[in-house]
Amino acid sequence: MTRRHSLGRRIGSVAIFAVALLWAFPVYWMINSSFQSAPTISALEPTWLPFGGTWRNYSAVLDGSSGFGQAMRMSLMITALSLVVCIIFAFLGALAISRFKFRGRKSFVLAIIIVQMLPAEAMFIAQYKMIAGLNLLNTVIGISVIYIASVIPFTVWMLRGFVAGVPADLEEAAMVDGCTRFGAFMRVTFPLLAPGLVASGVYAFIQVWNEFALASVLLTSDASQTLPLWLRTFAEPSTLGMIEWGQVMAGSVLVAVPVIIFFLIVQNRMTSGLVGGAVKG
Amino acid sequence: MKKMTLGVTAFAAASAIVLAGCSSSGSEGEESAEPTSSATTGTETTGATAQDITLWLMGTDTPDPLIEFLKTEYTEVNGGALTVEQIGWGDAIASLTTALPDSENTPDVTEVGNTQSATFTTVGAFMDITDMYEELGGDSLLQGFVEAGAVGDKNYALPYYFGSRMAWYRKDLYEAGGVSVPTTLAEVTEVNASLKEQGVGGFYVPGQDWRDGISWIFANGGEIATYDGSEWAGALATPESIEGMEQWQELFETASVAQVTDDDSTAYEAINDGFLSGTPAATTMAPNWAYWSLGDIAENDEGEQVATWNDEKFGAFVLPGADGGVAPVFAGGSNIGISAATQNPEGSKDLMRIIFGDEYQTMLAENGLGPANLDYADTYTEVAAMGDIALQAAESAKLTPAAPGWAAIEEAKIMEQYFAAVAEGGDVTALATEYDAKLNELING
Amino acid sequence: MTSPATAPAVVDAPTPRSDAPRATKPRSVRALPYLLVTPAVLALLVGLGYPLYWQVTNSFKEYGLAQQFGQAPEWVGLANYVELLTGSQFWAVLLKSVAFMAVTALVTMALGIGLALAMKAVNRWARLSLQVAMLLAWAMPIVAQMTVWNWLIDSRNGVLNYVLSLIPGVDMIGHNWLVNPWSFFAVASVIITWAAVPFVALSVYAGLTQVSGEVTEAAQLDGASGFQMLRRITLPIIRPILVILLLLQMIWDLRVYAQIELLQGFGAAGDKYDLLGTYIYGLGIGQGHFGVAAAAAMIVMVFTIGLSWFYVRELLKEDN
């Protein structure tokens, strides 16, 4: 490589680093603000670094009366349930459409694409009636039923690519070597699918974790709020009329933490998984 | 490697939370899911009339001690338990629309904003309680609110509390600017424009705050909409309404320290120190219970910022009319009624009796919430902060049109948009015609 | 790149007899694919079946608040559709939404592809820092995102106005970014782009890593310029990803609801700030015109299918 080339590369690297800083700035600012006391935060001159800050915002959020703990529990349960069921169901569905030709396959594929184009907002009333009729308002199961149905289509679509990408011959070869069909699947196919499962899991996780419009209709009682609902209420002006930005930012940080933890756990597989499905389509 | 360990630990912690969550809130989920079905068991164990009921309150205006009182008192009278849920004003319409018709999940008794109650009463969401009207206070009840909750001569929702809006000001800033309390609407503009010009202060006029701004229309003899006996029609383009709106526009342009997008949610505290950087607000409009949020700001023992009223620095006056006197203000407050779909009518009626009883009405008055029953107005003027000014304002207060489509108009924020457009400096006559058309589209339901 | 899997029927009898004839599959095997799709289909039917049925039928009915409280809904045929399609408001919102979608989706794609290509070309530390930044932005829950951005652009204490005011002659303190509808939608678009680019960039980057080094080296030896390589080799290889990413961005940006709803909640009130999502929500739950809202949703669905038909067909073709 020539000198000029490597110089260009260095400049490019610095530029990309600058972009990275810019991209991370809102996240940084959230964290920074979460450590500021009310007077510093409302000062005209911003405080750029969190040093010498206060933990008080966090203790205010984590204080039992704020409802954060309750909302966190509710969100974790709803997300976990929806995620697990959705991935299992979607995986089976993906297996069917990528490994088999059967009557109705095409309609199934079309249906899962079209369902994603349906605006959700007009169905809230009907979904309320249905969940209320099943006596499942304010419950984890009630809202998860709807979440699962709305996340499955894309998840099937995503996984379909991964399953198709694992050559069936591999499995057959393993079977020749004496594995059972199930054993061959578990030992050969499944590990190859892990990135795909992770990537679609990330998708499902984010969708469910973020949702609040339907939640505000189906989860009416104070005890069944999810984190987005909690944060939305928490970010409203206090009785003193001022938005306590420090606390609101601390709350935002804490709402994001489970997602970041989830990302950390799956990060290695995620990037490779992000794309396999689409590429191998 | 280290990162992975961290991740695993975190995951373990997270799953521990999940597991812990499962065991404990399963039971809570059931609890909150069946407030109505547990009522039947209640009946069996504690007597013929004991019913577990749910009360929905809107927003957080009802103070906690009052809620506690209702719970204790209800159990004493009825034997059942009372569950109180607070619904945010933002979710109010959605929650009422979905839950009220649903007998399994409806709140038994619910508060509803007075401007929204016509919408729900006309579709039959509330139980007919005409037979209780006399018992609950009869003609002593605030009649404007009673009408908002009635269809024909039948009563469905009754007044819960009222608040009257008044002007709050900073004595020290008025003094610094060399101005005194205005006595006509024109003076309100003059005084605050002068303060603003001097950089001393200004009027906090949020651009979207039609609930306060509407007084300028009322004071000039205008209306939002009028009823011709069969249909409602917008009246923003009448000469009186336009005149009022132009006066408000002038106020906004020359004297306001608030923004076009501001609304009344923070107008309460606008005149507290430190609320605005730059030119502070010297005048704002807010209901009388803003008293509790105004004053010198200091940290209390728990590290929360609280305001303590300071008579030296803070004061209040009734918004003056166009030619002196009192400008009609918009009556804030709400109604309360029994859901038509309730399965516990007896318990709900017990609760209504408690709410309209001596003790509760007095407690409302003491907490600065205007009692629905005007027999308690004396207590109110004596005990409630600014009660005398509040009552003076309340006597000339007006309500929004009791039209079936009014809730839809509020939900679509038509009035907010109208005021914001005027605040932006638009031509009032053209805008008034445009927004009359928008009102007409929705107002008849 | 693996060769496109042609979905062979690999299922055999449970015993590992590799020479078993494949033509005569037992009944249980023929049932297998149906068994496999059953859970997904059931989940869809349970979660969306009734609501969808309700929506379709009620789009042909007069269904308002009165009906919600017990009056029998009246069949009105196409009246709801006619009302929407002949009025000006629906078209205005639709047009705004399409424009918003086009701008946001295109900018997202362009930035995402650009950054992915850049990541390929720069040093490891720079790439890693960008990846971390993107993951952080992507991990932010929507409500948290919007809250943070609202704080960034806060008219009085926001850091954006502060920084802009440092420019000599500019005083932005007190400027509210959400008043002017153009400014409102620009803010919305920036936030959505900020949050969506990571998904695109990381996906495209992952796709680029699958373009084998040998191919590019060979092309380089043949004297291909960087641009030629991009156009002739790289883009065709990652084309399937780009198609699906673009389709997703289009669908998501067209039906965007949460961000607009939250941004409106920060003080920009009224229908001039509406896109399709908030418009339909307002019609239905907000104003109680459920029948009309259902009709609007149906029109939007048909419109979206039409808009993306080209892509859907392409995807289906690839699928075979």
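A, B and C are the chain letters, set down in written order, and residue numbers restart from 1 in every chain.
Keep in mind that, in the parts below, contacts are C-beta pairs under 8 Å (C-beta built on N, C-alpha and C of every residue); 3 or more make two chains touch, one makes a residue touch a chain.
All values derive from a computational prediction rather than experimental measurement.
Common neighbours of chain A and chain B (chains touching each): C. Two chain pairs are in question, B-C and A-C; the one with more C-beta pairs in contact is A-C.
One inter-chain figure worth recording: chain A and chain B are separated by 37 Å, centre to centre, where each centre is the mean of the chain's CA atoms. Here the CA centre of chain B is 38 Å from the CA centre of chain C.
We define each chain's centre as the mean of its Cα atoms; on that basis chain A and chain C are separated by 14 Å. Shown for chain C are the residues that touch two or more other chains, namely 68, 157, 173, 265, 285. Multi-chain contact residues, meaning those touching two or more other chains, occur in chain A at positions 42, 44, 124-125, 129, 217.
Contact with two or more other chains is made by residues 94, 97-98, 277 of chain B.
Listing the residues of chain B that touch chain A in their complex gives 3, 6-8, 10-11, 14, 17-18, 20-22, 24-25, 28-29, 31-34, 60, 85-88, 91, 94-95, 97-99, 102, 104-105, 265-270, 272, 274-275, 277, 293, 297, 303, 305-307.
For chain B in complex with chain C, the residues that touch the partner chain are 90, 93-94, 97-98, 100-101, 119-120, 122-125, 207-208, 259-263, 276-278, 340, 407-408, 411-414, 416-417, 420, 424, 442, 445.
Those residues of chain C that touch chain A in the complex are listed here as 1-2, 4-5, 7-12, 14, 16, 18, 30, 32-34, 36-37, 39-41, 43-44, 46-48, 50-52, 54-55, 58, 68, 115, 118-119, 121-123, 125-127, 129-145, 147-149, 151-152, 154, 157, 159, 162, 173, 194, 197-199, 202-207, 209-210, 238, 240-241, 244-245, 251, 255, 257-258, 261-262, 265, 276-278, 280-281, 283-285, 290, 293-294, 296-297, 300-301, 304-305, 308, 312, 315-316, 318-319.
Interface of chain C with chain B (complex): residues 64-66, 68-71, 155-157, 173-174, 176, 178-179, 265, 267-272, 282, 285-289. Those residues of chain A lying in contact with chain C across their complex are 9-10, 12-17, 19-21, 23-24, 26-27, 29-30, 33, 41-46, 85-86, 88-90, 92-93, 95-102, 104-106, 108-127, 129-130, 145-150, 152-153, 156, 160, 164-168, 171-172, 175-176, 178-181, 206, 209-213, 217, 227-228, 231-232, 235, 245, 248-249, 252-253, 255-256, 259-260, 263, 267, 271-276, 278-281.
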